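Here the structure comes first, spelled out in structure tokens, and everything after it is commentary.
Chain lettering (A, B, C and D) follows the sequence in which the chains are written, and residue indices restart at 1 in each chain.
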């Protein structure tokens, strides 16, 4: 009768049923993947462990971010996104999660900053030439979102630190569709300008600013022009070139049509149908902003850790990173559209049929 | 002459010299340790990946925190800490790093909160009975810092979810010295009260509040008594019982002597010698506060995820966690000493010899 | 000719045209409203300035929060909110702003925590009996959101520290409609259950769980029952009592009908029409959570500042605050609905007419 | 006998004794200082209130920051700071508080970002030409810390928006001692190099790198040279020019002597006497970093609000702000010293007498 008096709280390993936390999370792998170089060399530097853990934590999260962005891109690869399906809402939710993750990663820089320069020198030389610059996943993230090799600051340098096998991965990725391009295609398709919805549009202004633009946009261009102070008048030309002519200006990635539609979404976001599209655009800007913040804090951190010390190639780390930061805003063309907005009170009034199509049935 | 025309940027995998980022970080392990239960069952739930990654990230950081706390405990295991050695400064730095890490972990709860209840239900049942409650490292951290089995809310429940092999690890840890006990011993040793340093102490008050207390403390008790409003007078008794009598009160862990010395440090922290000890005490309170904040946000998060839904044992998750939160402040006896302070202007004046010993040579 | 050689950059005060920053912000008031009590007494304590500034900053933001919440309540006072109007989107935006503000205010507690207990004692006695507990705006915020006098922990104590004129303001506010009540009314009106939209609903389960519930809810109750583990079976009764019977249970504020509709919104949030209502509910929970976090950090801060020191009334500050925290979740009935959800895959399928009414025209 | 039955909780306004919260905080001023321009014009734009409140909140905190920095500068104006006095510890505490405040202010940018561009346009034109650029206190803060008119990006532009009376305030401030200069003077005075403490220093290297440098620094320069990789060899010259020759290089503000002493502090920070000085230097870098972070987030925010829209002067807001950000690191010469450090294991060994003087008595 031993069984009946068996201590209730005893649970032989083999009796355990179902999922077990440490196995589910494969902690045997996760928690046995830290070996310090200084330890191997018999000169253990206490802080190297932190250096390893924080980079591993970043890589874990990069995996998650790639997973989320990848899943959202699947929606945008569809030839049509049904506004009455939850696709856009889910996309917004996941993109907003990406920003939340990136923001937590920015916060983690507080942890790296507890590494003092003097302590860093204890293991710095042992790690050469390894560097976060070799993070494949970070390069993949930038690439997947839309940064092309040709847009990068310091192109040649970009893959120079990688082994050929990793370089190949990056090159293959270059050929894949990028999120920014999918967004461009989706924006072009957004069907606000079906002729029939605009039948009853009444012009408010009489001028013609841009040949070929329809009545609504003629009105908009007039209203925009009116909203500009004397010193800002050049902005009208800029709006026309961005939203009405498919010229290649500083390597623009959004077509005139896509830009125009994005602007429309930003202006009429109060209509129910445009709320999710607007939130998609916002979440892209949020991601850009979170990534720029990460880059910026990274620059400050590097600067405090090694100062203006010259790199092996003779270039200062800080300057390189700052140039990259300025150049690597991926969705900057969407952000730039803000310049072309006018106050709500001056917006052209939309025809009833269109309004109805943007409302609930 | 093939070699001379070799593309500069090509680096065959086998030619790479030195440490390589992905190998150094053992990313093959880290990034291949995510397998969803819903995926195994052919019912992939998108959000399960996040659930895995965030828990892995927490476990990585718990390893780091255990590493830092463990290293600091080594200093306090010494029979004497030389104030002119950097030990205390390093201890403060590492403990403060622990708080920085815990604070970043609190921030990560923002990420879990992007899991909506409805989405959570898509994989919840697949994970049973696994739970963060099975995290061995978190239990180790609490235990290492000072939480004993007997102090825990819901003792019996505490290891009930663990396999025997893991339970054994927890039981072994129970027998190890705990940080709180090392702190008690260190506080008892702090040598401010070497008789000779106090030769010239001049009493300011004439009363005797507590038999056996030396002149300084007699004065302090009088001054404290004077500082109390009528309704607070009971605090004097409380101060005496905490700092002068080694009675067992609600399982107190700091001896009267240790409490007294800690209070002294908090009162005279402006002297150079006491700055590092004061910072040690502060950093312990910071850790307690960061952990309590984690617990609290965890409670809110659980509540939003599953509401007041009853657990399998019939107890509500939220209530259990709230009770644990209230009971698991590890360094609460240090925090409580704040009640016994008086304004700087009423502090007994220290003798010159003592002051000199707390200043630079 | 003096005029022509006049320095271009000179701008006589009286020549300035338009709005001037410091006047616009009335900085003469804002920056001249700090007078320390210790200064008046000729015993300037450095840290009292911080104490004043941080409380003023809190009050400024409380004004803003009241302003936002008040503006949102105006929408909900309408007898009908047109889903095709931007009202709900604006409400969500402003409520989410409230959370952002509250979150920044939580962060500000980091600043108060730079006040050490010893430094606090330098001015504490000069401020008696003033206390944050006298903040009228904070009480107004709690009250406006929905906390009634009768729901408060320590009712009698609640206004005891106020002057009669301020007490009157609180009492008047008690009579005003509260946000929670407006939410209840709105939820009752949400018209998903117009009979005609449900004509074609096909029952999936055969049982009757609750007399009077319509076919859809009969099915839902069956599905919910099926989803419960043996030990959770009591939850079914709980769901019935909350969502189908208007009994007064622990002073519930949401009617059965409102609770039911809220649950429906949470379950079918993927339909476009329900997205904004779902976001409204979420933003209320976010506000509750942010306020609870503020309360919790406030408790920790008070504890570190004055320990367990007895207040003049003999009650410990920490315990009072913790009880208030537990009791003052304003939208807890909404949070509790999470317990009643089932996985997406088990949800009853909605009739086509209803689906169409929740989609775009 | 009316009195005896008087309700206990009644407190006639005139009976109130002591300090009353709302009066203490002068809330009548603080909460009555918000008047919208759109309201005056009868075109109330909801979001203008937030615009006012957030700027007022910033100004409140700038006052506090100026107060803290001013108080710390008083310590550094002393001809000698006694290491055994609490001055440096208090300075570190207050400077660290400044960073905490600035960090909370950075977080507040989350709040401004809830202003959408379209909503901003509703009141933008009403505010012209007022702008945060007219904040006197922010300019004072930069100036007080050490930014001179001549160091600013866009000097001419800098005060162009101010009224003459405010311009005068800025000009007067220019003549006041700046924190950076006080730090320079203090660093020059730090007396580690009293000849007598170095009597027994034994040279480890035989070379002479810089004529005039003493034995310790000769050794240091040799050790530094040895630590450099081939491509970094130029750094030696740079170290010599910064720490041994008072040449004017890009408007450097720290003398060679001060730089040398700061480097010494950073290298030997483990000695008790150097901990507080080291923390002072760190806290200056923390302030610089927090301010740069504020500037950077401000840039992103402005960009999202108005895009690349041209200002009235024809210059893009974003570019101007980015240039200012890069140029306005006030303590960059201290940060740059990191480049000149060597690993702990290569540091010259200090003579016993010196070590003793940096330890406790």
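The rule is simple: contacts are C-beta pairs under 8 Å (C-beta built on N, C-alpha and C of every residue); 3 or more make two chains touch, one makes a residue touch a chain.
Every value quoted in this text rests on a predicted model; they were computed, and no experiment measured them.
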Check your understanding: Over half of the interface residue numbers used by both chain C and chain D, so same, or under half, so different?
Key -> same
Point to revise | Taking each chain's C-alpha mean as its centre, the one farthest from chain D | key: C
Review point. What whole-number Å value describes the gap between the mean CA coordinates of chain A and chain D?
Key: 31
Check your understanding: What whole-Å value do you get for the distance between chain C and chain D if each is reduced to the mean of its CA atoms?
Key -> 36
Revision key, fill the gap. Shared-interface residues of chain B (touching two or more other chains) are none
Study note, to complete from the structure: Counting only contacts in the complex, chain D reaches chain C at residues 9-13, 16-22, 24-27, 29-35, 37, 46, 49-50, 52-53, 55-57, 59-61, 63-64, 67-68, 71, 93, 96-97, 100-101, 103-104, 107-108, 110-111, 114, 116, 126-132, 134-137, 156, 159-160, 162-167
Check your understanding: Once bound in the complex, which stretches of chain C touch chain B?
Key -> 117-118, 121-122, 124-125, 229, 231-232, 234-235, 266-267, 269, 285, 289, 292-293, 296-297, 300, 303-314, 322, 326, 335-345
Study note, to complete from the structure: Given the complex, residues on chain B that touch chain D span 83-84, 86, 89-90, 270-273, 275-276, 356-361
